[in-house]
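Look for chain A in each of the two complexes below; its partner is chain B in the first and chain C in the second.
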Partner chain A sequence: MEQNNRKAWLYLLPAMLFLGVFLVYPLIDVCVYSLEEGYNFASQTYWGLGLYNYAYVLRDPYFLQALKNTFILVIITVPVSTGLALLISLGLSSIRRLQELYQTIYFLPYVTNTLAVGLVFMILFKQTPYTDGLVNQVLSWFGAGPIDFIDGPYWAKMLVLCVYTVWVVMPFKILILTGALASVDRTYYNAAKVDGTPGWRIFTRITLPMISPTVFYLVITGFIGAFKAYSDVVALFGTDLNAAGMNTIVGYIYDMLYGTSGGYPSYASAAAIVLFAIVLTITCVNLLVSKKHVHY
Partner chain B sequence: MKVTLQNLTKEYPGRGRKQPQTVAAVKDFSFEIPDGELVGLLGPSGCGKSTTLNLLSGLQKPTSGRIFFGDDDVTELPAESRGVGLVFQNYALYPHLTVRQNITFPLENRKGRDKLTRQQMADMAMEAAGLVQIQDLMDRKPAELSGGQQQRVAIARALVKMPRILLLDEPLSNLDARLRLQTREEIRRIQRSTGITTVFVTHDQEEAMSISDRIVVMDRGVIQQTGKPQQVYDDPDNLFVAKFLGTPPINVFDGRVRGERLYIGDEAVLPVPGIADQDVTAAIRPEGFLPGPGGAFTCQFRGMEVMGRDVSILSCHSSAQTPVIRSIVSAGTAAAPEAGMIRFDLKPGKVFLFHRDTGARLRF
Partner chain C sequence: MDYETLKKNARHRRRAGKALTYCLLTVWALVVLFPFYWMVLTSVKSYGAYNSEWIPQLYTLEPTLENYVQAFTTVPLAGYFINTVIFALATTALMLLVTIPAAFAFARLQFRGRDVVFTLFLSLMMIPSELVVITNYVTITDLDLRNSFPGLILPSVASVFYIYLLKENFAQIPDELYYAAKVDGTSDLKYLLKVMIPICKPTIITITILKIIECWNSYVWPRLITDDQAYYLVSNGIQEIRENGFGRENTPAMMAAVVAVCLPLVILFLIFRRKIMAGVARGGVKG
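This part shows the complex of A and B:
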């Protein structure tokens, strides 16, 4: 028994070393950093331990702006992208002809380079001296004035960010959901049909509960992914996000570390811990809600 | 509710170049099910019995032919408007709903004038549950039930909406042997007490024989014979039906008729008045052998098997189509093989002659 245990630990050692060095140690380190007040990057010294870093971050208007942006992004994009993906997968699984072609088309954004996607969105939304962008052109047909989506009002920028995020995250969700829908046993639908169940009721009472674990998985990963949004924002609005008023929490952390105003690992760590706490809370709430509505 | 099938045909399209011709799963199927009867559709896998059931339920549309429930032509009606109760082979109970919710599910679909109150639905569900004796299981999930209990829930769900006809697809195939015996009695009892015209599909002839008022033997989409189980067993119309019904299976021999006598090998084993001289296929039920020293039919003795009340004599013969001939005699019958041979007399009613090529019955 003892011998076996030692062997088992030996087998686990490589993974534990790897996880320890790259996951556990940094995690602890971030906690420690976030508590070290007045940390000096050059001399690696600090004054004392305390919660000052948190107080600073939570009072920093840039952080509050980032927090607000992130929350808006999460609250809009997670339900919208999951809902749309569900609709599209339902459509996809109810057509026979050209199903594979459409599946490929819907999956294309997933394998497309982020920068290329960013460029396409530029063409759609960006105002230049030569053109107002495609979206503005369409708007002008309805008599709506040109709106500067990239450097203009806050809501316009938020709209672009949300559209972009939804568009980027949807392919993966569609892929997973079409798989889940295809795995529902057809006899359930036949049984429901013989009993004269209307289509919407089949969807809400049979299809949705059957694929609820998948939907739940997508919602949780969607929340986490959206809370960690950063690269999309950079692709759309450039690197000076604080100036654009479009920073996110992860963007704020990055700026605190490496940005032009950077060099404050303590503030960055405190912000990271706050983000961690938010994501943890949301995930726990999700898990609680799911107990009632997810059927494994 | 009387059910009438008229020249029902279901063809599936061919699959492109490899298999361009259409495949007929059910061919020119005409049959009438009297009101309140329990009918078994019986046949080997792929004979079209499940397709027939799906045509009855409306889940599939026939290529041609008509279906009547009573005097109503329901051929064009979709499944939901036919008022059939269907029990699926795998039961198709909704796993996320309790037994109670599963049973009330069909009731909740009713709209307008037929809409039921919660209380009415609960009462009807309880009544259906009482019929299959699962009142104690109402708040469990299907995964917490045994196979037999799931089967009952499925039947209750089919019955709760007072279907015009009840359809059962291989209702016993997922149950173990003991439960199967018990459940088939149960199905019989439920059918009797509700009086609902019931059609069930099975490949197990014993199942069909034991509970059906009437059986329909099918092969390759064509009705081979219909009738009361015993009558079909005693008087098969063709070789397929004779072979398909009966356990142990019927013994088949290459024989010939000369001068109104049936020859198997070199022995004249049975007078067959009225049959012209020709080569025939002779089939003898296991219970058609009477062992005795003066018997006309000589086989090589292979052994005896005592199975409870019956004794099987195993023997073989060069003209038999199977390596072993199995005959069943009641225990205590003297069977005395001499020099490795055993002699039988044959019971005329248990010997069937069939045309050598077409398999059609030659009656004598």
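This part shows the complex of A and C:
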């Protein structure tokens, strides 16, 4: 046993080293950073401990803008993408022919580089001196005027961001939901058929309760993912997100750390902990709500 | 209304429902595929042709490869590719070296505090990377590893999720096999290498591919840690091209670069489609 003990720790050593240095230590360190007031990156000195960094971040108009953007993004994309994914998965599980082809196509965005495809979306929506872009072309058929979706009004930019975000998160949701739908016991459906239950009733009384844990899992991961939105925003609007008015919380953290406005790890840490607190709160609220409505 | 009409009506309704379903599915398939089509299409339009189209054309009769030539000559795209390949392979190899022994220890070896340590490991999955990236940035900067491969690779190696995935798979191997090997005097290490790894090869391949995809698409960490073009990965290259490559207006060349960046992963996906989808379905998250 004694020898086995030592051997086991030896096997675990590399993993513990990596996780310790790059995950556990930073976790503690970030809390310390966020409390060190007036930290100077060059001289590595600070003049006190306190909550000043949090006060600064929570009053910073850029942070408030980022907070607002992130919340709008989350509130729009999570319900839309979950609902749409549910609809598509239901359709997908009701057919047999071509099912695999559709499944493969739907999963494609998951494996592609978010930044690269983001550029394509930018080009589809962007207005340049040479062209109004394809989306504006389509809009003009309906008599809607050209709108600059990339450098134009706030709602237009938010719309593009939401469309792109939904496009990016759909593969994961469809994959998980199709799996859940396939695992529902056929007996329930057969019983319903014998009773002559109408389709929508089968959906609300059998399908939805049976897959509710999965839907709930997707809502939580959707919330967490959308709160961490960053690289898709960069793809659409460039790295100077504050100037575009489209920054997100994660974008704010990185801007504070690095780049033209960077060099403030204390502010970045405070903002990161605020983000973590928001995500944790929402997850807990979700858990409480689900206790009432999820049928296991 | 007799029975025959009822049956006919029901059949019609079912057929209409089917048609509607296929319509919906096809519409979404087009939504998914269209950006890819547009990217390829734009990349084969010549610079002059693209910029003279006030109304974007949905097809081109004169495809050209000049944009690809330009993408690889005006911008060091080939260099970004080599960097990304080195980064992805080195990170994945190290990840396997770290993950396999850890999963083995948790699944096979008996030691004091195993369950407690494993629970602690699992709880690490909850830590968002945004929280630790700040200190890692400072650590790597202090170690003077900015703009270097170790600086890029080391913080990306360990992943609790893959340890968990592999441990679950290792644990499914029947104990009898282990005892039989022990009776024959096989050492633990030899048992791991000769029995467990071959049996769990499918899972190991899955986590390898998932990690490669993750590396290929990683953007945030490389961006923080490199500002020297010689160490840019493809994502940073794309961003660089967006901000100031090709004189900004050369959209076809930009799209050629984008196609080149997307292509390797699409090919990888088409080859390992089932494995990737199964792996992601088991709890993968977007890397």
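In the analysis below, the second predicted complex is superposed on the first by the 275 of 296 C-alpha atoms of A that agree within 3 Å, B and C clash if a C-alpha of one lies under 4 Å from a C-alpha of the other, contacts with A are read in each partner's own complex, and residues count from 1 in each chain.
Just so it is clear, a contact is a pair of C-beta atoms (placed from the backbone, for glycine too) under 8 Å apart; a residue touches a chain by one contact, two chains touch by 3 or more.
In this text, all values refer to a predicted model and were calculated from it rather than measured experimentally.
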Message = Given the alignment on chain A, is it a clash or a fit between chain B and chain C?
response = fit
Ask   = Touch check for A:D185: first (chain B), second (chain C), both, or neither?
value = first
Ask   = After superposition on the shared chain, which partner residues are touched by A:T221: those of chain B (first), chain C (second), both, or neither?
value = second
Message = On the chain A superposition, what angle, as a multiple of 10 degrees, is formed at chain A by the C-alpha centres of chain B and chain C?
response = 80
Key: Touched chain A residues, chain B compared with chain C   = C
Key: Which superposed partner A:V194 touches (first chain B, second chain C, both, neither)   = first
Request  = Figure out whether A:T281 sits in contact with chain B (first) or chain C (second), or with both, or with neither.
outcome  = neither
Inquiry  = Quick one: is A:W167 in contact with chain B, with chain C, with both, or with neither? Answer first, second, both or neither.
reply    = second
Note = Taking every C-alpha pair between chain B and chain C in the superposed model, the minimum, in Å, is 5
Task = Please identify the positions on chain A that touch both chain B and chain C, taking each partner from its own complex.
result = none
Chain B-touching residues of chain A, taken from the complex the two chains share = 185, 187-188, 190-198, 201, 205-206, 209-210, 212, 295
Task = Could you please specify the touching residues of chain A with respect to chain C in the complex?
result = 1, 4-5, 7-9, 11-12, 14-16, 18-19, 21-27, 29-30, 33, 87-88, 91-92, 94-95, 102-117, 119-124, 128, 130-134, 137, 167-170, 172, 175-176, 179, 221, 224-225, 228, 230-231, 234-235, 238-239, 250, 253-254, 257-258, 265, 268-269, 272-273, 275-276, 279
Query = Considering the complex alone, what residue numbers of chain B touch chain A?
reply = 57-59, 78-81, 84-86, 88, 90, 92, 94-97, 105-106, 108-110, 157, 161
Query = Where on chain C does chain A make contact in their complex?
reply = 18, 21-22, 24-25, 28-29, 31-33, 35-36, 38-39, 42, 51-56, 97-99, 101-102, 104-106, 109-112, 114, 117, 121, 124, 127-128, 130-139, 154-155, 157-158, 160, 163, 188, 213, 216-217, 219-220, 223-224, 234-235, 238-239, 242-243, 249, 251, 254-255, 258, 261-262, 265-266, 268-270, 273, 276-277, 280-281, 284-286
